[in-house]
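Listed next: structures, encoded as structure tokens.
One chain, chain A, links the two complexes that follow: it is found with chain B in the first and with chain C in the second.
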Partner chain A sequence: MIDTVDLKKSISIEEDNIIKEIKSESLDKIKLSYKKYKEEYKYTPLLRNIEKKYGSFNSSENIKKADSYKDLISTKDKHYIVILNGSYIENISNIPNSIDIKNIKDLSKNEQNIFIDSYSKIDDSTDDIFSSINTILHSNCLTFKINKSTILKEKISIINIVDSSKPTYFRKCFIIDKNSEISFSEEFINVTRDGNFSNSVTEIYMDENAVFNYFSTQNISKNYHFNSINVFQKRNSTSNFHTYSFSGSIIRNNLNIKLLDKSCYANMYGFYAIKNSSHIDNHTSVDHIDENSISNEHYKGIVDDGSIGVFNGKIFVRQRAQKTNAFQSNNNILLSDNAKVNTKPQLEIWADDVKCSHGCTVGQLDDDALFYLMSRGISRKDAISLLLSAFSTDITEKIADKVIREEYQLMILKELEDLNYE
Partner chain B sequence: MLEIKNLHASIGNTKILKGLDLTVNSGEVHAIMGPNGSGKSTLASVIAGREDYDVTDGEINFQGNELSDIGPDERAREGIFLAFQYPVEIPGVSTTNFMKTAVNQIRESKGEKPLDAVEFLKLMKEKMKLVNIKQELLSRSINEGFSGGEKKRNEIFQMAMLDPKLSILDETDSGLDIDALKIVSNGVNALKSKENATVVVTHYQRLLDYIVPDFVHVLMDGKIVKSGDKNLALELEEKGYDWIKVKN
Partner chain C sequence: MSKDDKILKEFTSKEYEHGWSVDFDVDQAPKGLNEDIVKLISKKKNEPNWLLDWRLKAFSNFKKMKEPNWSNLKIPRINYQDISYYSAPKKKKMLKSMDEVDPELIKTFEKLGISLQEQKRLSGVAVDAVIDSVSIGTTFKDKLSELGIIFCSFSEAVNEHPDLVRKHLGKVVPAKDNYFACLNSAVFSDGSFCYIPKGVRCPMELSTYFRINASNTGQFERTLIVADEGSYVSYLEGCTAPMRDENQLHAAVVEIHAEKDAEVKYSTVQNWYPGDKNGKGGIYNFVTKRGICNGINSKISWTQVETGSAITWKYPSCILKGDNSVGEFYSVAVTNNYQQADTGTKMIHIGKNTRSKIISKGISAGHSQNSYRGHVKVMRRANNSRNFSQCDSLLLGNKCGAHTFPYIDIENKSSMVEHEATTSKIGEDQIFYCLQRGIDEENAIALIVNGYAKEVLKQLPMEFSVEAQKLLSLTLEGSVG
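Take a look at the complex of A and B:
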């Protein structure tokens, strides 16, 4: 069982009464979530590693001046949001007018109520121990409000900076109003010499007809990283998630989507290419609650050296959710004898008029294909790169925007060059 | 050009080639015939450098170089080409992209500068005509969903693109109707010159009406048991492989 002394102390100094209440509720559930942990983290010993490394879950405040992080912003980005150890750094961010970002504590009572209504209803709050710890220990819940009928074509880049020798907590809450369409990309950058434990929880509320595109790039070799994204969709809304993971001591991604209404559309695509001793765990769930919704999920991974890939995909189809279409697959290529993959689909279907499919594969690089390419004069190294990047194309081609798609394809090519294959 | 002496090759514990000799000079067309399972594809793969086979004895010399330590990619750059009996399907890689990479890597290895997009397209257009293959097919994933005939034409298209010195065609006729057979043979014949050589592997005489061999060899149980001119193929067609077995 985990030590709750620090957690209790942190709650006792919370000044905002409503938030204090939310935190206390999470603490009450922590025993329950610890029980769940043993099952849900069977292949990913995150808790043990964090406790061993940090002793405590408490975070510390940063000290450096915000300006010193300016270099981390890519010149390609038009709009960017810089977040340091969980706090929004407004003076080096550049956001479009149609978005409002505020700490939940700085909102007017009226605005606050909108968020409090949704805040901490997160899907895995009762299940996941790291989400609970985030709820208790985070100090800044950043709220993003996208107003009605806002259409933003260019993606906004969220740069999360980790600069601390203690665990860091990131908390975000998005409300996407009716008929809006918006895209974000998110990245975590660790600027310390040693690793860190970064814990990020995000809630996304999508109103009718909203479209939300989200891209995540994970390349944080020394970090332990917990990332929980919880999505709630109303009628006719569409979410597109693209998760690309390349390195991390341990990365645990929870992606939970609740399709609350009729005719929702959810797409979850992921690609991982990992080496050395990286460990990537993608746990996803999609919950079809009402009729006529569609979910597509496809994750693919290349696992090299002694690295470990874990995939777990849950699909729930409730009794009311007739005419559901739910598809899921996970394909892996192992490049080394020491690499490991654990992959598991979990389907629970209570409706009868449903189209559902799932499939997992774990294989090796195709030797016949490799010989075929080499027999035309292509070097072994380039032939391997060609085959591996071809393996990734059915994931990258799901990115509708050409510029973004090419950006990710290029990123993958660069990562694949560093893999080894004997 | 190619000189094979006492070649022994096996896979795991299975001995497949058991002392094979073959000499091919530039300008020549050789046919290798033999019943199923006699080792024809194995010979073709071993010449192309497939590493799954162990060469346990003997040697292969190509243009004066012994090939044993040379990988398939380098052999291709030296001018060896294998048209596969079963061309491999590779999802996600287009033939165009594949050929662009191959042509330019071969050029680079010779110290030539890579073709730019315009030059490459010009070369492709020219070679596409030769085997009557459409660009649309080449922009799809390699061989994926191709008909048998399309796959074989794609092999000859690649051969035309790479302009090899020694081409080995492994059962390129199998699964082709007579029209496709003519297209493929015309392509091969158009590529023939005094500087290059062709080895045609087949177990039907039919193809040899279109690609006329200078020499015909019979491969049985991992060895060449009989050689002759094109009349040997006709004789085999008439009398079957048992005729040779009996004679030996």
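Take a look at the complex of A and C:
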């Protein structure tokens, strides 16, 4: 069991009464989430690694002046949001007028109430120990309010900078009002040397007819990262998630989607190409609570060297959720004898009039295909990267926007070049 | 009441067919679980010291263990002290031929539809019938012994072939493997032992029929099958239990050894009392079944049709140690009313070029919960290994649940693993098609379900296949509209 003394201390210094209450509730839940740790982190010893490294989960304060991080912003996007160790750095960010970003403590009482209703209500902190710890230890919850019928075609970059020798906590809460459409991409940049731990929890509330697109790139070399995204969808809303992971000592992604209302769509796509003893763990869950919703999930991965790829997909179809269609698939290619894949596509169904399926495969490149390409004068190396990039296309082609799709395809191609195929 | 509801009600109000009990003269141990009971069982069985020590060691481990809680089952608290761990029809003398068997007992079998006489004459199946805890009479024993095949009760084997038993007992399922296997190791009362010598192809299906008779007795049988090099055996196991209100515990262990080029086929039809329509009573079935393919080119194949028991917790597994060895698992699990089943398999690929195939068909109706839980593990040196898994679920009615938990762990780059699963109900268009051709709804459903499960049923030996098909259509009579 983890040491709760530090956690209690952190709650006692919290000034805001409401937030203090939320944090105390989370502390009560921590026993429950710890119980589930053994099964949920069967293949990912994140807790042991973090405890060994830091001994404590507490974070520390920012160190440098915000301006010194300006060079790290390399995004092509017009709008970007810079977040340093969990706090929003307004003066080097560039946000559109239609979005308002504030710390939950700085909101007016009325505005705060809107967020408090949802804040930390549907995160996975009863199931996940790191979410619980995030709820207790984060100091800034950033709120993003997207007003009714706001349609932003251009994607907005969220650049999270980790610069601390202690664990850092990121917390975001999005409320996307009716008929809005918005896209975000998110990445984490580690400034400090190897072995940093960042813990990020995001909650997304989507009202009727809202559309939310989210792209995540994870390339954090020797650092540890925990990322939990919790989505709550109302009638006719659509969410699209694209997760691309390339390196990290341990990366754990939790993506939990609750389809609370009728006719919701949820699409989850992921691609990982990992080498040099990286460890990527994608845990997703889709909860179909009401009728007529559709969820699609497809994760593909290439695992090289001593890397480990973990996938766990859960589909829940509740008794009320008749006429549900839910699909889930996970395909892996192993490139090395030291690589490992642990996958568990899981279905739990209580309704009868549904179409649900899941599948998963683990294999290698098709020798016949390789031979075919080589017999036509393509070098072995080129043939391999051609086949591997074809493997990734299933995922990237799901990106609807052409510009964004090409950007990610190029990025993947570059990453694939570094893989070794014996 | 709509037609659907009516049909559903008819189906759910079906009573258990095998619900009767026969009053034998029973020799029963007092209730409770302690070292003295373990010693008592061992003494009653006239066991050598090494086996008693083995039991006691298992019991001391058992005391340290906790009931597993990872399954997707709601298991009511079991009071292990409130169970009698030994129950045997009183032996009057040693039985040599079938004629000496208690006529009451033969009646029991006739009611079950497996009259020993009948089977002996017609089908040539050798039956080792186990009632409660003691094996009663083994048919065709002489004929088998001509070939060098040993097929006898476990206690007989302990006394007559101690070296063989000692060499293989607990090697595939170690005494402290899991909670229920550990309990079994401490208190197992009887079971079957089977040894097929080198190069012998067993000419007939070997069969055990289990039946839990006395109330409040747990049945803890232990089966050990050893197939020596180049041999072949097909082994059948069937289970029934009379209707009792209290839940009865059943914790069995089956161990299979397949040496080089050997093949073992193990088939089970389980139709124990599932409890009444309100979920009262029924058997708790916690079984550990595991086989090891020791030698190269060996093969173990599990086929199971699970229709009974209030709770089923069962994962027949294969350890594919020898190169080129093959493991197969075919399963149909049907749950109705308040039945719960958490069943599946484990395929552990250790040797090179090992292959495994998993076909699991779950059918849930009423308020039941049906789970598939499987584990496919490919170890580092298992080059070119291959697995294919398919687990389908069929839901009848909207109050039941179907769940799938496949664990897939791969550590070898040259292996191929595929898993697929679907969940659906019987298509209206399929039923319509049958109706249109003059097949009524009842028969249409039976037809579709049988077709759905056919891939598994066809793996069963003939005699069992007929019984299993009958069982399926009976249990599912008119359960969907």
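Criterion: the second predicted complex is superposed on the first by the 420 of 422 C-alpha atoms of A that agree within 3 Å, B and C clash if a C-alpha of one lies under 4 Å from a C-alpha of the other, contacts with A are read in each partner's own complex, and residues count from 1 in each chain.
The definition used in the following text is that a contact is a pair of C-beta atoms (placed from the backbone, for glycine too) under 8 Å apart; a residue touches a chain by one contact, two chains touch by 3 or more.
Small disclaimer: the values here were computed from a predicted structure and weren't measured.
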Touching partner for A:A383 - first (chain B), second (chain C), both, neither: first
Greater residue coverage of chain A in the superposed arrangement, chain B or chain C: C
Which superposed partner A:Y372 touches (first chain B, second chain C, both, neither): first
In the complex with chain B, residue positions of chain A that touch it: 366-369, 371-380, 382-383, 386-387, 389-394
Residues of chain C that touch chain A when the two form their complex: 70, 378, 380, 393, 395-425
Chain A-touching residues of chain B, taken from the complex the two chains share: 48-52, 71-73, 75-77, 81-82, 84, 87-88, 90-93, 97-99, 101-102, 105-106, 109, 141-142, 158, 162
Touching residues (chain side chain A, partner chain C) in the complex: 39, 43, 319, 322, 332, 334-337, 339-364
